[in-house]
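Look at the two complexes coming up: chain A is in both, with chain B in one and chain C in the other.
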Partner chain A sequence: MNTKPWKHPLGQAAIVVVLAYVLFEWGIWLLPPLFGVASAPVPATVVLQYMGTVVVGVLIWVSDSEERWKQFKAPIHRVMVDPRQKVLRTALMVTIPLLVAFMTFDRVRPTVSAPAALRSVHPAPPGQIDFRGETMVLNGLENPLRHEGDLEEHYEEGKRIYVQNCMPCHGDALDGQGHFASAFNPAPLSFQDPGTIVQLTESFVFWRIAKGGPGLPREATPWDSAMPAWEDLLTAEEIWQVTIYLYEQTGWEPRTWEEEGAEGEEH
Partner chain B sequence: MLPGVEITSERNVPKPGMTWRSGAGPILLLGALVLLVMAEPAFAQVPAGRDYGDFPVIGGRAAVWVAAQVHLLFAAFVLGVPMFAVVTEAIGMFGGDERYDKLSKEFTRLLLVAYSATAIWGGILLFLLVTIYPTLFSYLAQIFNLSMWIYVGLFFFESFTLYLYYYGWDRWKKGRAKWFHWGLGIALNVWGTIVMFIANGWLTYMMSPPADVTVDTAPQMVQLWSALTNATWMPINIHRLIANVVFGGAVVGAYAAYRFLAAKSDEERAHYDWMGYVGNMIAIGALIVLPFAGYWLGREIYEFNQQMGITMMGGFMSWLWIIQAFLIGILFLAGNYYLWVGMGRIPGAERFMPYTKYMLAVLIVGVIVWATPNTMIASREEFAAMGGTHHPFLSVLGLMSGKNTAVNFMILTTFLSFLLYRRANKEPVVPWARTGTIVQGAIFVVASAIVLFYGIYGYMVPTLVRIGFSVYQVLTVLACIIGVITIDLLMLRGATSRGEIQWGRMPQRSQYALFILAVTFTWLMGLMGFARSGIRQHWHVFEVIRDTSPWAATPALGYSSVVISACVLIFFGLVAFIFWLGSLAEKPVISSAGRASAAGGIQSELQPAPSEG
Partner chain C sequence: MRARASSPRAAMIPGFVFAAAMTCALSAPLAAQEENALGRDVYDRWCASCHGYEGLGDGYAATYMLPRPRDFTQALYQIRTTASGQLPTDDDIMRVINEGMPGTTMPGWEEELSLEERLALVDYLKSFSRFFAAGEAPAPLTFSSPTRATEEALADGREVYELIECNRCHGIDGRGDGTSSPTLVDDAGMPTYSADLTENWYFNGGGTVEDIYQRLRTGLDGTPMPSFTDLIDAGVITDEQLWNLAHYVRSFAPEDPPGITEVIRAGLVEDAPLPDGVDDPLWESAEAFYIPMGGQIIESPRWFVPQVAGLWVRALHDGGELAVHVSWSDHSESPDTAWAAFQAQVLSALGPAEGDMEPGPRPDGLYLQFPMEIPEGMDKPYFLMGDPLEPVYLWHWESTADGAQEADARGLGTMAPQGNASQSLVSEAAFSEGRWAVMFRRTLENEDPGDLQFRIGEPVPVGFAAWDGDNGESRSRGSISSWHYIFLQEPTPATVVVAPLIATLLTAGLGVLVVARAQRREREGAEGPDEGDA
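Moving on to the complex of A and B:
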């Protein structure tokens, strides 16, 4: 039998679990910035999810071979039944329930922060909306300005509208880092992110600009978007123009309608 | 003066308190008749006046939900099992191996009780629908009445074909009679498939009614054929057809695991070890093609209605897909685990065991990527730290490119596990064996490179182009599977054996992997069925018949998970009873097979004997 802990299946399993935790808790947060890639702390729910997967993987590894499984169990079995291990056994019997009790307490104790929430950032758009008293069918709707007038002019006009109205929150680089951005939680959307406007048709973007946070459907709760409803301040043409600006400036292609149907973004 | 005249004159003078008795009878009678005629539609409307019934404690919707779900689970079982009962019977017939014939009969024995359970739950569902959703049921019945009668007729045929199939097994055992018996098995599948297609027409109509059906369309005006063959009908048919095979395989695997753990002799253990292996291989084999059918269904839903599609994939229901990713990850892990542990009973497999940890690493990374949510559950502080709802680094894993790549690698890895398992005790004798193995390896490398390339390139192209990439990835994996298995079949012709598989010498813990597979499949069916049905939101028939009941709101994920878990528990509680009945009915027919296998004589069809040409 191997005496060095890192050569024993139980020790190796423990090392893998600890390393995985370090990677998920701090590695993903701190390593990418060393290479110039943005990152942030990983939410606790995601760390839990990842750790659950790793622990299952470790259990599979230690038990897929009879010999390794016996080696893995041997020290656990010894601690549980060997009279000479009484002190360690007792210590574990006290420590583990205490640890679980503390974790339970920590989880349920009242705090001042709101509980973790699931928020749907891409709620399904309605089939049609009411825009300034007129019904606008969103299904299959294209940006009409892509086929009318000069695209360059629309872009320039969209730029002007963006700078006047959107830039303070969404930023001059369209990265959600405007002057006011830090005042909002959740922060304004970054249009540079590959998970935002590139996933959407222009009609969806029109709907979100026109109706803003107040027009979010109930499924998008918690309803805490600070985005104003711009339909009272901008005309339809202006919203289409600023939509053109968003896509042209970020370099993303808007999602288009296809005749055979389309597949959605997975979450 | 005639008394009558006098009377008449008196009648002409109205008197206080004059009533019908004073001669208004005929007029009132006429009036009553008129009223009756006018009231007939009103009488007809009586049921419509009571749109919804109720059910104690859990409410009407949950009652119908549970009944529908448990009925569906049994229906999937009784449709899935006959498919491979017929296939295994054919293997026994054409291969001359009686073990398969007996295995097939044992499957069918399970069907008898499961069939009754299906019918009972179907009846419960029907009565609940009629009493809780009378108006909706009346509407559907007006459209689908003819198909409902055909459905019942086919159900009748199906039942009696099943009885003939099972009870005639030993009578029609030889020669032409055996062919007749096999024909009964095929007929059983044909009836069952048509029955399922009809029922699918009803439920898909509620999801995707034809475009010309509107709120104002009277049900009598809806054409039956166009209602049945709606936009999502055929994708659901195909998806369910394949899923039933998967489910049937998984439940048979669970049955074998139960019998393995309860076995008293080595013969029994050997038999049920082999049966579990066959069930598992059928389930995992069919599972590999299931995502393609699901993909088609998803596309059709999007094409039918974008709002529905986004609700399903990007909106309210999107978290179900994370749960689905987890559960399918569990399926992959459990399926591979079963194979890896099973390699412990195959002489020669030890040379492949060192590689399993790398395959496990690929699977774990695959599950992590696949289950990474694009929209994370986080506290406000965590949202603030991330600078939004998207994690700046991990959000790339939440997109389709990353997920498709992960799942394709998981399929490739599972296929590799199967390949190693298959080759474990074989020693190829063809002179080009080394070259063949190198070519197989090269195919794996090229396929992996293509999958990875499209996965990364997908981040650089518009969404619609990226969607097309997933087709290339899938085709690459399929081509890899077909190419490698073809070479393998040719390469192992006449291969020598390193030793026979020691059926029955399987650790007990491996059998729990089979239970996990069955439970996970069942859970998945419930969860994804909820997604499919729930995207109608507050409509009974999407954008045609509005749900005005107290339960019109789409249920929250937590509540739905509880209801679905309850369905899974009810189903497995009943299935456990059926398994137990199966063990009561008769002793397993393992005398020859079991002995042969215990002596190391069993070679499954998926594991052809080395001496076979």
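Moving on to the complex of A and C:
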């Protein structure tokens, strides 16, 4: 009778269900960032769906063997019939309906939320762009300054360009926490984040700096982005210099065209 | 270069320290810098772009910001636990490095740099000035423990606030609009705004009562904000009264800093008329939403030093009309001639980038921006006043104009008021004790094809921009927000009550049935043998 809860099928089922809930609700959202992988909370409807699957799975497992099924039901049955369990029985018969009431209320109550914006952060870049009247082919394009002039000087120029132009949004520490950042949604991206410039070739970064928010395709909601288009304010050389600064200062390596080719069109 | 003998601090440092500094030879800081290679590396990498490689506060971005990055050769530190005119302790410097100075461009570095790096930075910063090398380690003041924030304490704090004339600079309601405010400059001659005490999350040295008390004891050296320890020493006020004052100052600001809201809820008013002015008591009960603002640094000419840091927005509707109330702190009712010289100083402090700007009388301003119609999908006009293909519809108010106007724009700088026949906004604005409040009111639907038609229960995109004329702001030089939404609340549907009720009854009924059945079976099982419980 007095088996440990985790040896009893009902206890095991409860543990699995609770663990699954914790994993769906918080685990998927909070664990990957510990390993440097970006993540987000799972929407409530999806959690519900997952939990449904888990519960069905657990039921199949407990009813799979006659013996286990009996064991599983026994405590439930006892609570329903045993005169000594009257207090617990009454408590459950009150709390469960109340819980259901609360859950239904939570679902039907009018909530106010912004329309879900399914924004693509790294859309496929155009193959070529028009920069100050000249055509630039982005495919296979490398940062020319990596082999031209003094890297140290480019870095220093990039630093000047960055603090004078980008710092109020992207932050002094390149972490997206500039003093104007809270005014903008989507928020200015953090270049320290392993989900941004590390994933990109320098030509992609050049395109984003040159054409900014307005240059994004529709799936990336160009109308929302506060990222300025720098084409008119910065020369091509200055954009390549600030790109060098972004990588040098964060210590990331840009994605190469070989890697790009190996993994295809994934962004 | 580093050893400027004419430092204003020289006058404040006791003579013997100064003499000692001189005998220590000017090379002392240099030697210290040579040894501290880690400090120099980290400083050059992360701090020099603002504070300058020589620590002179003249980094690349210096002319893009007010207050300016600190010149470390002057050894003037605002956030200290030491008496006014004294050097800071190492812990004081560490605190600023860790937490930054909210409300300025000086960020906190606790999460970005290792402890070792930050310790090395403290030493490195000190090596920019001879004064640290010379004297004894500075001794922190002893601070008493806080009193309780009782009604009496707050009332006393209020009296002290007026007695020792905080309002001269900070204004009656603490919004930085005191009569002396337009005359204030810091020790480097840069124009300096009195802090807005209603926004304690922007206090340079932190917003708690303890922080405030400490700043009152120490002053913010290098700025016009004095220390009040001498008033205690002279017996004008007691130490306890200074705590009361700190509690009172704290009470200007809300309990918690405001969160960012994406959706502004416009409450439904059913049994009272919609407010028809900014002071209508109904506004007090309406939920207030905070909209953070940032400088317009997207299109030229840009503006890096906006004064409107955020707006408080309230909205109500009655099914027929929508009323929106917007309020924010402002030092003056622009254009105010008392601020003309200050404005000129601000404009000349900024670098010549972005085209020249002449000082002159400029109004305060505000707009609310909407799309021309409620969008079907995700599409919206460009958040910065639309573009030639997708224009925006605006409610535009200016302090010098007679009432707000409806306007259209097809990109920054293209705003044009609608024709007189199309104007249908009701508005009222009032400036009081450093705060603007502007109310707009319009029917949800009208016949004008050039206007947005509001619908209840659908989120409508809304954006904001604001200008502080006496800070030199106008046209593209001002502060802006992203797109937010305004949502006109629907009457509460019956399902909200009915559905949970039905669900409860169903579960309860089902539960009773199942249990009753199980118990019956159990009894039958006990009588007739071998029934099982399947």
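Criterion: the second predicted complex is superposed on the first by the 146 of 267 C-alpha atoms of A that agree within 3 Å, B and C clash if a C-alpha of one lies under 4 Å from a C-alpha of the other, contacts with A are read in each partner's own complex, and residues count from 1 in each chain.
Throughout what follows, a residue touches a chain if its C-beta (ideal position, glycine included) is under 8 Å from a C-beta of that chain, and two chains touch if they have at least 3 such contacts.
The shown structure was predicted, so the numbers you read here are calculated from the model rather than taken from an experiment.
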First, second, both or neither for A:Met80, with chain B first and chain C second: second
Which of chain B and chain C A:Leu98 touches, first, second, both or neither: second
Touched partner set for A:Ser113, first chain B, second chain C, both or neither: both
Touching partner for A:Pro144 - first (chain B), second (chain C), both, neither: neither
First, second, both or neither for A:Asn185, with chain B first and chain C second: both
Contacts of A:Pro168 with chain B and chain C, given as first, second, both or neither: second
Touched partner set for A:Pro5, first chain B, second chain C, both or neither: neither
Set of chain A residues, in rising order, touched by both chain B and chain C: 113-115, 117-118, 177, 185
List of chain C residues in touch with chain A within their complex: 45-46, 49-50, 59-61, 64, 104-105, 107, 109, 112, 260, 262-263, 265, 292-295, 297-300, 304, 353, 378-383, 387, 390, 459, 479-485, 487, 489-490, 492-493, 495-496, 499-501, 503-505, 507-508, 511-512, 514-515, 518-519, 522, 533
Interfacial residue positions of chain B with respect to chain A in the complex: 295, 298-300, 302-316, 318-319, 321-322, 326, 329-330, 333, 337, 340-341, 344, 353, 356-357, 360-361, 363-364, 367-368, 371-396, 398-400, 403, 459, 461-464, 467, 470, 507, 509, 554
Residue ranges of chain A touching chain C (in the complex, touch as defined): 73, 77, 80-81, 89, 92-93, 96-98, 100-105, 107-110, 112-115, 117-118, 159-160, 162-165, 167-169, 171-173, 175, 177, 179-185, 214, 218, 221-224, 226, 228, 232-233, 249
Footprint of chain B on chain A - complex, ascending: 28, 32, 37-46, 49-50, 53-54, 56-57, 60-61, 63-66, 69, 113-127, 138-139, 176-177, 185-190, 193-196, 198-199, 219-220, 252-256, 258, 260-267
